[in-house]
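Structure incoming, see below.
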Amino acid sequence: MSDKIRVTVWGENVHEKTHAEVAQVYPRGMHQHIAEVLLQEPEKFEVHTATLDQPEHGLTPDILARTDVLFWWGHAAHDQVADEIVARVQALVWQGMGLVVLHSGHLSKIFRRLMGTACTLTWREAGEKERVWVCNPGHPIAQGLGRYFEIPSEEMYGEPFAIPAPDENVFISWFEGGEVFRSGCTWKRGNGKIFYFRPGHEVYPTYLQKEVGQVLRNAASWARPEGSRWVDGCPNIPVEQAPEKIVSKGGSVH
Amino acid sequence: MSDKIRVTVWGENVHEKTHAEVAQVYPRGMHQHIAEVLLQEPEKFEVHTATLDQPEHGLTPDILARTDVLFWWGHAAHDQVADEIVARVQALVWQGMGLVVLHSGHLSKIFRRLMGTACTLTWREAGEKERVWVCNPGHPIAQGLGRYFEIPSEEMYGEPFAIPAPDENVFISWFEGGEVFRSGCTWKRGNGKIFYFRPGHEVYPTYLQKEVGQVLRNAASWARPEGSRWVDGCPNIPVEQAPEKIVSKGGSVH
Amino acid sequence: MSDKIRVTVWGENVHEKTHAEVAQVYPRGMHQHIAEVLLQEPEKFEVHTATLDQPEHGLTPDILARTDVLFWWGHAAHDQVADEIVARVQALVWQGMGLVVLHSGHLSKIFRRLMGTACTLTWREAGEKERVWVCNPGHPIAQGLGRYFEIPSEEMYGEPFAIPAPDENVFISWFEGGEVFRSGCTWKRGNGKIFYFRPGHEVYPTYLQKEVGQVLRNAASWARPEGSRWVDGCPNIPVEQAPEKIVSKGGSVH
Amino acid sequence: MSDKIRVTVWGENVHEKTHAEVAQVYPRGMHQHIAEVLLQEPEKFEVHTATLDQPEHGLTPDILARTDVLFWWGHAAHDQVADEIVARVQALVWQGMGLVVLHSGHLSKIFRRLMGTACTLTWREAGEKERVWVCNPGHPIAQGLGRYFEIPSEEMYGEPFAIPAPDENVFISWFEGGEVFRSGCTWKRGNGKIFYFRPGHEVYPTYLQKEVGQVLRNAASWARPEGSRWVDGCPNIPVEQAPEKIVSKGGSVH
């Protein structure tokens, strides 16, 4: 058995077909390019891709069973993701599967369901400079970066970002146009580790940038399952199996 | 204008009609009895009730607009609550409406959507003794109680309770049969304060007990909205409205 | 009895005497000017001041007993604050006294002891522009502000800010020189609500700015004690007072 | 270089010399027995011990530099631990060293300084039964245990436990005498992972029990450093090193 972290990169793969400039930046589809970035450390990762247009969006039970960490990029078609598949992914996150949500994935069904909030923000598409600051240089996701790194052209996302308080805020972005944003945040839902990473608008070659690739690989390592895949349920504990001896009394509806 | 906290108590009101022993304990319906418990401090609260069988489950936009804190008790019919109403309640919680989720409401759609987790637990219906411990005697929800209080007969809920780490754990229960449970937990989603309170199985007169009533009234006061009702959205900030002067560059999909 | 929130503003009051330009901006001492800003809502607040050079730094048990919320500004003389006074303040925070730590107070003994971390950051004194963004427009501390406000000249504080993850991040600052900072953060320690607010370098008239005053008053209201002043201790519960009847067995060192 | 986790077990080693019954249970000193329990997985851990009576309490800079995870058991002599050593340990926790605080260590200087709270609780020494419940069966620290495990005789610790809200509550204890307690809690301070584990009163052979040993080894693995050892400081960023070109303006005290 391999010790590699098994990553599935899910891409919506819509804009790549409908917008020439996206296809020019990511000719093999964003999912494929992100996969290639992870595979720059082939000894660490085993990477598959999945897209919206595949049966079950490429996220069959079998594929997810072999996924340690799921990456999620979507933008134009959040509503086309079937609720059943979202529920399937969510249950696996609870069981420990890591989830890395990228950029416009902040409005994806899976992210909003795990957060329980609106996950809204402000935005501007002006290709302005983004400077991503490291809030904790010792954090696993921040390894190999300096104090900050810059992305020459990006879409702006600004506060307020309607999320529950993150477990940790790893990155905060400074934008040329004057805004700020919590660009790298972690949470845990069940036993799944979740990382939201802001950069990655489809018309800019953000995921091909060295520092961004470093973050993606760091995040994939950080989000891998720990412990064991506990499947929650609502088991009844019969009276005779109570740790202390008791006798049933009172009413019952069951 | 009144300074009273406007509470709406939502009750599923199913078991009261189908189980004689529930009707015997709560002849006017659980929602009505809970409302009466809150109204033991009439100077503090203005209380309405709503039930599943009413149009829009009694949770019309108009009624919710006049609700500071919503209490939620459900058990047998979680699935019959319309998704549209759940989304409506959730959006209002984000805007600051308080939510007090009672007992079997742990599996309600609204609680699970706000938590983002399975909210499962273990359980036993044996009418055993429950001792509810106060983890923080200074907390607003714990005022007027001693170090603990006992409920003579209750359904047991046991760990693991599949919730995100609470902001605060106000109560933990000890059960006669040997289990423990995080019985009083707080979270914030958006600007809404959420309190989950475990006790309240429908066949026992739990909500009529003095200490439990105290907790319900404390919780209603604690969960009232603070600040203002911010409605989140995803506003575009045009280039000309950027705080710093910038010029648009690069590609665009919008 | 008054319903006003009783605030004590503690000021180090050192730079005001040693640096002419500080004395020029804050001729009555920073503590006094901050007090005056709070008293712009005299119906809400009753305000006293205390300084390092007073007996017990002006923080006698009697004065603290009449303090709902303590404001803390210090910079040059953190080490001159007696450990005994710090312990006294800390114990009162645990009992519910609010604490608002301002600017260079990030390195004060009281803040570092409550946080448990180094509370370090990066800094630059260049009088650059600071834009303070609201991360949650519905939060009580953000009321009466727009989406952001600007301070024309401030000292820069930059990430990494070595704090435990805040309960809530109310403000994030954008600096002209390119940095970002978590400028408004909340925590709870015991029952005391703590707010750290970044702006307020002594050579600029920051606390005299309208929006900053609004934040100070909002923070004073938000941080007031809730619940009751529980004094923690380590009480022994004798065997005969155990809630369940038990018989002592096994060894003992007590 | 070894990949083993380097653990230092710190024991106060006072009761072992002054109380015959403690010496009988732990003839080689508690620290030594805890070390032996960890070494039941010799391929995973490299273990040293340190005690109060050694120079610098056995916690020299050199020894700590070779420590990935520090275990801490103290009870009778918390005040005899030098402040300088406490500060040294605390700084290393911030840099990523793991810390496992055992039982009466809840009142140790190091734990209280990292928490920022009183860390008090209620207690009873009656040798009663403790049942330790797993709140999250998938958590790394809970691996290899069942739904719960029992310790035949233990000191009781009861709520309220005056701690900041834990990042995760892994265990909650049920006591024969009727109390409950958050027995296994995690926090992060700086980059150091901290685990508090309740059981381990010195007159009972708790650390020799199989399940308890499993928890200790799990905790040692969980608490190992991740990322890198970032040493925080307060660096000045000169104007000419600002990421954006700015010109200094306004006053200065530096």
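Lettered A, B, C and D in written order, each chain numbered from 1.
By definition in this document, a residue touches a chain if its C-beta (ideal position, glycine included) is under 8 Å from a C-beta of that chain, and two chains touch if they have at least 3 such contacts.
Everything numeric in this text was worked out from a predicted model, so none of it was measured.
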Notebook entry, point to check: Among the chains, which is located farthest from chain C on the basis of C-alpha centroids?
Noted result: A
Item checked: Result of counting contacting C-beta pairs for A-B and B-D, higher pair -> A-B
Item checked: Chain centre separation (chain A, chain B; CA means) in Å -> 29
Next item on the list: Mind checking the centre-to-centre distance between chain A and chain D? Centres are C-alpha means, answer in whole Å.
Entry: 32
Next item on the list: Would you mind pulling out the distance in Å between where the CA atoms of chain B average out and where those of chain D do?
Entry: 35
Next item on the list: Could you list which residues of chain B touch at least two other chains?
Entry: 131, 136-137, 158, 160, 165, 167-168, 174, 178-179, 188, 190, 230, 243
Item checked: chain A residues within the chain D interface of the complex -> 95-96, 131, 136-143, 148, 150, 167-168, 174, 188, 190-191, 222, 226-230, 243
Checklist line | In the complex, chain D residues that touch chain B | finding: 131, 133-137, 158-161, 165-169, 172-175, 178-180, 182
Check: What residues on chain B touch chain A, complex-wise?
Finding: 15, 19, 21-22, 25, 90-91, 94, 107, 113-118, 120-128, 153, 156, 158, 160, 162, 164-165, 176-179, 187-190, 202-204, 230, 232-239, 242-244, 246-254
